[in-house]
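Structures for review follow.
You will see two complexes here that share subunit A, one where it goes with subunit B and one where it goes with subunit C.
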Partner chain A sequence: MTATLRPRWPDAIARTVVVLLLAFVIFGPLANLVLWAFAERWYFPNKLPQEFGLAFWKRVFDPRGNAVASLGTSVAIASLTVAVTLAVAIPAGYALARLRMPGRILVLLVFLLPQAVPNLPVYVNIARVFYELGLNGTVLGVVLVHTAHGLVLAVWIASAAFAAVDVSLEEAARNLGASPWRCWTTVTLPLALPGLIASAIFVFLDSLDEFTGTYFVGVPDVTTLPLLMFNASMGGNYQIASITALLLLVPSILFMLLVERFLKADVLAMIGR
Partner chain B sequence: MNERSWAGLALALPALLVVVTFFVAPLLMSAVLAFRGKDGGLTLMHFEKAIEFYSTDLLFSGAIVLVSTAAIGAIAVAIAGYLTLGENPRTVAILRWLYRWPLFIPFIVTAQVMRTFLAKNGMLNHVLTGVGLLDPLQAQSLLDWRGIVVAFVWKQAPFVTLLVAGAMAAVDRQHIEAARNLGASRWRVLFEIVLPQSRRTLMVGLVLSFVTMLSVLSVPLMINPNSPTMLTVDIAYRINSHGDYAVANALCLMSLALASLGAWFYLREAARKADGA
Partner chain C sequence: MPAPYLVAENVSVAYGPVRVLDRVSLDVARGELVALLGSSGCGKTTLLRAIAGFVRPTDGRIAVDGRDITHTPPEARGTAMMFQSYALWPHMDVAANIGYGLRMRGAARDEIARRVDEMLKLLKLEGYGGRAISALSGGQKQRVALGRALAVDPSVLLLDEPMSNLDYRVRLELRHELRALQKRVGITAIYVTHDREEALTLADRIAVIDAGRIAQLGTPDEVFHRPSSPFVAGFMGADNAVDVVRAGERWTRPPPGAAGAPVRAHFRADRARVVGAGETPAGGLVLDGVVSQRVYLGTEYRYRVRSDGADFWIEDGARRDEGTSLRVHVPDDALLVFPIAA
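The block that comes next holds the complex of A and B.
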């Protein structure tokens, strides 16, 4: 009550200060990262790099360097993960959205579990089994781990996408004499496509950014970008680490800006891991 | 069961198999290995060792994750509350654009970002000394438990805010207008009308964040790898340096127990809600 009686300007100042603080908290760390990515030399106690340059970028993008190889590995693993994940997630999502099934609650629970349980124990034991099977340090091993992780989100999004398709459109197609398969490929699938594309993008990013699973299963032969970044950072090479971090940031931020074109907030609420 | 319903299960089966093989089975294996002695019999030896070596880290992990969860909850409610009840459209628009930037930034990148930002020579200290809030001689590195908390909150608060803002937007505007017309302050409207109606969403977001933070390896490993540190770092250490899966799995079960504590609060809340309805 009293707030409305006081002059408005203290409010406006408080608002501006809070927004500026928040902007600093969010963009400050990112700005620091960008500075490191372009710093040629930066020693304590200088507030800004003594020398800016692109020498480290040249090193990162050297075709014979580790970074380009890691980028290739990362993109290959992420693409394979998307292919495997969608191949099993689309039928499952459709079944959960549209068909009756015995033990439906239990099935839903299994697909919820990986969200509600810490993943580290899983990776630790998968790595142990994969080691015995000779899958450690192979692209296949890493793809399988990423698939299990991305699958849960993919099934949820696919299921939501199919549930949103109007059943009466499918019935109309069937009444006009379309076969079930034709109805599915010309009506259901195209209408659910935006959601499915979103889930593909999400699985791709999830795989691109994944660290813990790759850290246990990928060693020593599979080095993805996050592992390269980790090694550079722990080795004290902040420039290489920051450039790699920037490479990983770009797709994440693009997705953040574009995601609402594909997904409504209620579906978005299911993801974000 | 008719044929159609079995068709449904058949379509879901491949996905189900993947999750069971690569998630559920390793999880069960963790429980088995943590209790199995060298002779194959049942033992609590690994837990004794885990507690002897790492009880400090168990408490440390619990405390860090609790503090982070509380901070995430407070920030999410504050931002989502302003987005719902704020009266200055421009501030609301700026805030809506601003808060979500870290949403999809991976933990590993967050860790690297904070490693530079919070370091003794990082931008935070430079800005604080620049505006005169901090004496340069007193500048210190925040790369300890504080760095872990900052990284967790920075990364997870936007996620919970997104969920809570969605739930708050769904609250009937008429309730809000009525309370405002009767003279309730915005704080009262937030805590007595809007927040109670979006409480479940807030709880879900916080429990998901709680569980996620418990199993993130990169942030503690990169920000504060030395003791006391989080259980995730100890687990990685037991495996990489000693090949000791038994104690690692005992530690895993301890972090699962912490996580189920969070899940239990959530389920109790959900059950109470179902009872009342």
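The block that comes next holds the complex of A and C.
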């Protein structure tokens, strides 16, 4: 017993080193990002910026600058993507959860396809097709690409959320006089809502961060925040790129905290069933 | 006899090739409580769900108060079901759960509130209207589920094993409450259970269901004392079965190589009495055997007795060791004699 109570030094040291390494891997680049965001001047071989300031923040948030405009575009595209995705995922998820049809798993796998195959060839082809349809360079085109991408998560989570709603809860509603539609709006939907909100958050974040598809379908007419960041860092403008990256980080962190609240264990257990 | 209120006529239900209900017919009078009693998988819940409209009968018809509802969707039937899991909606509070049926019927807000209060009072749940479902105990949930069903003043109240999730003591208490309530409200009810005691104490009539058919339909007294088949006898607790032949005034075990077809006598363990070794009471069945197992029941012992090839249980207050020889007498009125099924 005494042996286990005494601290084992090699063990504790090893653990501390691992934790520190992990922290460095995660927070090191983030710290660099923060430094760059507030660096006015930072030339080689200095380890830290020579001058700190908010000049670049002013430039980014300048109403005439294109950062605010692309932020708007990004949020608009993400919101539209969520709307289109849910419009498909809610009925599809409900059907997959409730109907014991043959090939259910196959349908679930079909939604996985856009993510299973390499992205680039898919987007190149989509861009070609969209070009012929006149969708290239339009917000709608970008929204459709993001939707194809977001549907996997959305349909899988939605179907799990609906499957987690006990059938007897719906039967009780029908039994007490609710038509199928009223039963759905008063019982099924409210009970599945947390899961649906979680899937909406995932799709929103996915769309906000999406780069490749937007690059092929949207450029040069549609500029989202990730595209702006790409252009800034390609042009050596690390401050602008870092500030944009921080902007993108904020909703991600906020929403991830929210998702944790909405995705309950009973829903998670149903994913892919 | 008044015209039956609920009529099920030759109702059959099949899931694919599996026949769950086989031409079941049942009449229930207004204000009557009929228990559907059977072991799990016998089809009793399926019959209830067919009446509620969740299961489509492949054959037969169901009518309530002269109105054929065989093909009516569940929401238009006017029945109310109390689910085994209670199926209370966790996103609504107690009052919203109870008022839901009235809301669906388009009742005015103040009328719903009045009726909900009435239900809360009836079920001794005053002050619980704003509670979340998750904050209720099992017994309270059961009351809310009952209140939700009663609030719409249903034509028929359907109860699907409503007590099975409760502690034994709570169950005993609620059983009597439920019966009193049903009598007071005067509602027609069908009660599905696998618990014989529950069916006997609650029901006006019991339908014993076996393999998708009604094995016997009768008052608790009839079903208990005059079971119509070995299955019903066994289900009602007469689980001892011994092959016997008639010998004058009494029954005896068939002597080896005896002529005359034996019949099978069923009896309850608590009706068998241990008698003195030389004693031969008039009538009935006398069995000599050896105690092969003893089970302590609290007030009594339950003994497994082996008697040349036959095996049965008796209950007796005295403590006996395994291996003790004894003589057992079962009076005539405790013997349920049936021909031996081929």
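Everything that follows uses one rule, which is that the second predicted complex is superposed on the first by the 246 of 273 C-alpha atoms of A that agree within 3 Å, B and C clash if a C-alpha of one lies under 4 Å from a C-alpha of the other, contacts with A are read in each partner's own complex, and residues count from 1 in each chain.
Following the convention adopted for this analysis, a contact is a pair of C-beta atoms (placed from the backbone, for glycine too) under 8 Å apart; a residue touches a chain by one contact, two chains touch by 3 or more.
None of these values were measured; they are calculated from a predicted model.
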item: Joint occupancy of subunit A by subunit B and subunit C, clash or fit; value: fit
item: Contacts of A:Gly177 with subunit B and subunit C, given as first, second, both or neither; value: second
item: Partner chain(s) touched by A:Val88 [first = subunit B, second = subunit C, both, neither]; value: first
item: Of subunit B and subunit C, the chain that contacts the larger number of subunit A residues; value: B
item: Vertex subunit A angle, Cα centres of subunit C and subunit B, expressed to the nearest 10 degrees; value: 100
item: Contacts of A:Ala192 with subunit B and subunit C, given as first, second, both or neither; value: neither
item: Which of subunit B and subunit C A:Pro29 touches, first, second, both or neither; value: first
item: First (subunit B), second (subunit C), both or neither touched by A:Asp166; value: second
item: Where subunit B and subunit C come nearest after superposition, their Cα distance in Å; value: 13
item: Complex interface listing, subunit A residues touching subunit B; value: 1, 3, 12, 15, 19, 22-33, 35-36, 44-45, 47, 87-89, 91-92, 94-96, 98-103, 107, 110-111, 113-129, 144-145, 147-148, 151-152, 155, 205, 209-212, 215-216, 226, 229-230, 233-234, 238, 241-242, 245, 248-249, 252-253, 255-256, 259, 265-266, 268-269, 272-273
item: Touching residues (chain side subunit A, partner subunit C) in the complex; value: 166, 168-169, 171-179, 182-183, 186-187, 190-191
item: Of subunit B, residues touching subunit A in the complex; value: 1, 4-9, 11-12, 14-16, 18-24, 26-27, 29-30, 33, 88, 91, 94-95, 98-109, 112-117, 120-124, 126-127, 130, 136, 154, 159, 162-163, 166, 183, 185, 201, 207-208, 211-212, 214-218, 221-222, 232, 235-236, 239, 245, 248-249, 252-253, 255-256, 259, 263
item: Subunit A-touching residues of subunit C, taken from the complex the two chains share; value: 52-54, 73-76, 79-81, 83, 85, 87-91, 100-101, 104-105, 148-149, 152
